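Letters are used for the chains, namely A, B and C, taken in the order the chains are written, and counting of residues starts over at 1 for each.
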Amino acid sequence: MSVQMIHPKPAPKLRLKGVSKQFVAPRTGQRTLAVADFDLDVQPGEFICIVGPSGCGKSTMLNMIAGLEKSSSGTIEMDGKAISTPGADRGVMFQDYALFPWKTVRDNVGFGLRHGTAGAGMSAADQEDRINHFVEMVGLKGAENKFPHQLSGGMRQRVALARLLANGPDVLLMDEPLGALDAQTRLVLQVELLRIWGETSAKADRKTVIFITHGIDEAVFLADRVVVMSSHPGRVSAVLDVDIPRPRTEEVRLDPRFAELSEEIWSLIRDEAYRAIA
Amino acid sequence: MSMNVNVRATGGIPNWAKALTLPIILLVIWQAWAMTLPETSPAPAPLKVVQSFAELTASGELIWATIQSLGRVLAGFAIAMVAGLSLGVLMGSSRIVRENLDPIVESFRPIAPMAILPIAILWFGTGTPAALTIVAYAAFFPLLINTIHGVSRVDRQLIRAAQTMGLSRLRTVLVVIVPAAIPSVLLGSRLAMGVAWTAIIAAELAVGAKSGGGTSGGVGQMMFVFYAYSIDLNGIVVCMIVVGVIALLIDRLFRLVEHKLLPWRN
Amino acid sequence: MPATLPGKSPAMTVMPEDAPAVETARPNAATAPGRRISIAGVARGVWRARWFISLRAFATFICLWALLAAWVSSPLQLPSPAKVFDAMVGLAAKGELLSQTLISASRLGVALMVATVIAVPLGFAMALNRELNTYLDPIVELLRPISGIAWIPLGLFIFGVGGTLPVFIMAYVAFFPLLLNTIDGVREIDRKLLAASRTMGITRRAQMVHVMVPAALPSVMVGFRIAFASAWAAIIAAELIGSPSGLGFSIEWYRQLLMSPKVFSFIVLIGVVGYLSDVVLRTVQRKLTPWADGMGIDQ
């Protein structure tokens, strides 16, 4: 008889309970239920991917967690406290990067430090060091003084990531960050993303990530758990554990378990996806 | 994604009422101020302006002056259109022509229409021909620029399609390029009419001033007479309002034509 | 495609699209292999150069002008280029070209400053505050169709003949493009940029200064260029009718004296100053807002 060590489960980093969102059209007053009864617990250091058909409310969910939108009902809590406004503790990476076109790479990365709350109390020198660290980490050393319009899509992507990380948020919220890139760049950046996230470090050192994507294989490749949403209204249809071990290399895509999980997710979404283009 | 101003009535007062608030308040203040002045003061007042408007309309002076001015605008616009469109098509379709004529055109563009007035007066004396010259000059540039723009930006695929069907270069220009450039030409026409109207008022004002009143007629000249001779400030204000109203009408009319002919443009 | 294997130290991963663009040198006849510069090559290069084409166009224009002047043979109405050139030199020597230009330019400067100081903040306020916009917009739309020229008679009554009238007219004319383009610029600010700054915990004031103003700047610059061109056109009319000095006054003054070459000289000057100013403004626009390509009139 083995003695079972009972490890107390750590408190969830994010807790969403019964979250719903109703939109009211300004002129007509028409109401649309975008999200209904969304329940999810996210553990600290977890990488969660949310997939679902177009229009299922994934981005709305993310905006609510970010505090950019208010929920119509239900609670969203981080570390036990309710969320209502945006803040630097939950960093967001937008699909079209949202880089400030008039600022260089360095100034973009340092924006949150200089003008936001993340750099409070930090000396200018420390801020500089921090900026340099993250610029180098995403592989953009040498391009610090370029402007966004001089960079390729992949490079802009990495600036957005560096900016996100430089602000040191506890939770990273990513809304289809790789969506605007070509397929090849996307594959490479997925591996990069995991590396930067700290796949090789201990779970306690990793940041919590919520990652929205259309790509099922992307979700399976990146996530610890995949949340599958259905649409009209958006709600959790299933949560799958991705039990493929880390660190995940490209060979993972050839793993039979990878195909199984992808197929399982697709079967949940398939009908809606076909209906969407009818 | 843009930040569209969502115009919606908040808390009861309808938007149209809010829109009228400031103008009405200003009018009331203006009238009150005018009433504090002695009866003989020439200062314009809203009520006197209305009275003047009624008088001028009844006597037909206002309508006649407006027709005169508009007539000149149309005549000048027609001249500008012939010159601007033909040169525009030429410059738009031939890179060589454009490169060689562009420096000349670009040098004249910063020379305001009114700067040409003294030359026009030297040539034609103070009268309608001088005013027409200014209007035509003013309307020429927007028409030219927009026609060049429209002709040169015709979708290359359309031109290639015509060429693969064996059309000659001239025929391609007439049958493919010109129709495809119509949206730009319409835009140029709207802009040209706008500046033409401003130009005729300015020209009539200046010609009126130089010819000592003169008989050239038109709204601009009427304004000058009210300024220099009858000292009728209320009449001047009536003219100013007419200038504004006509400008608005011209603009709306052209936009309507654009909208009807090109329903796919927002 | 190299992918960093886990375990390796984070190194720079070279993306395919990040490879520095290699400018392929176009084979030029002038620099043929062997590094011999042929005269024919240089000549061809000059022939195609933009400045040469402009020069050639002007030279042709002046020749045609001279021919026309000789044929019309009416020195009052169409003086020959030579006479105009003489007059210009004379005026320049007396310093008159410069003094009149400075007078007009300083009026323009004052007018633009006044217009900018009022229109740009007002534009921001109107774009950000719906109530304010609802109340003020009607006044703006009522006054806008009344061109600056139409204000000249009334303006003459209020200000009399002198320097103030042109400044007033120009400020009025410049006000509307500045206001409208500022409002437009603020309204068109990418919402994502504002959202991104909010997620970094920025204060409203900092957001205004560090996000909104730069984001609206390209539109404001375009508005400024339009305002400048409109004001430069308006000053001629205003000075022609109601001012005892300036470039507009000069062309009318010399016309009355029937000194055509001088009239033409000043007209040329007006064109030159207008052209140079636009070049300067375009450069300023490019330097201030390098990211906003493909915007603005004539770029």
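The rule is simple: contacts are C-beta pairs under 8 Å (C-beta built on N, C-alpha and C of every residue); 3 or more make two chains touch, one makes a residue touch a chain.
Quantities reported herein were computed from a predicted structural model and do not represent experimental measurements.
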item: Chains most often in contact, by C-beta pairs; value: B-C
item: Chain occupying the most central position, where position means C-alpha average; value: C
item: Whole-Å separation of chain centres (CA-atom averages), subunit B against subunit C; value: 21
item: Centroid spacing, where centroids are CA-atom means, of subunit A and subunit B in whole angstrom; value: 54
item: Cα-centroid distance, subunit A relative to subunit C, in whole angstrom; value: 45
item: Where subunit C touches two or more other chains at once, by residue number; value: 190, 192
item: Residues of subunit B whose C-beta touches two or more other chains; value: 6
item: Contact set on subunit A toward subunit C in their complex; value: 66-68, 86-88, 90-92, 94, 96, 98, 100-103, 111-112, 115-118, 136-137, 139, 141, 147-149, 152-155, 167, 184-185, 187-188, 191-192, 195-196, 199-200, 247, 249-250
item: For the subunit C and subunit A complex, residues of the former touching the latter; value: 1, 3-7, 10-13, 15-18, 190, 192-193, 195-202, 206, 210-211, 214-215, 217, 289-293
item: Subunit B - residues contacting subunit C, complex; value: 1-7, 10, 15, 18-23, 26, 44, 99-104, 106-119, 121-123, 197-198, 201-202, 205-206, 209-210, 220, 223-224, 226-227, 233, 236-237, 239-241, 243-245, 247-248, 251
item: Touch list for subunit C against partner subunit B, complex; value: 53-54, 56-58, 61, 76-77, 127, 130-131, 133-139, 142-143, 145-147, 149-154, 156-157, 186-192, 194, 229, 232-234, 236-237, 240-241, 248, 251-252, 254-255, 260, 263-264, 267, 270-271, 273-275, 277-278
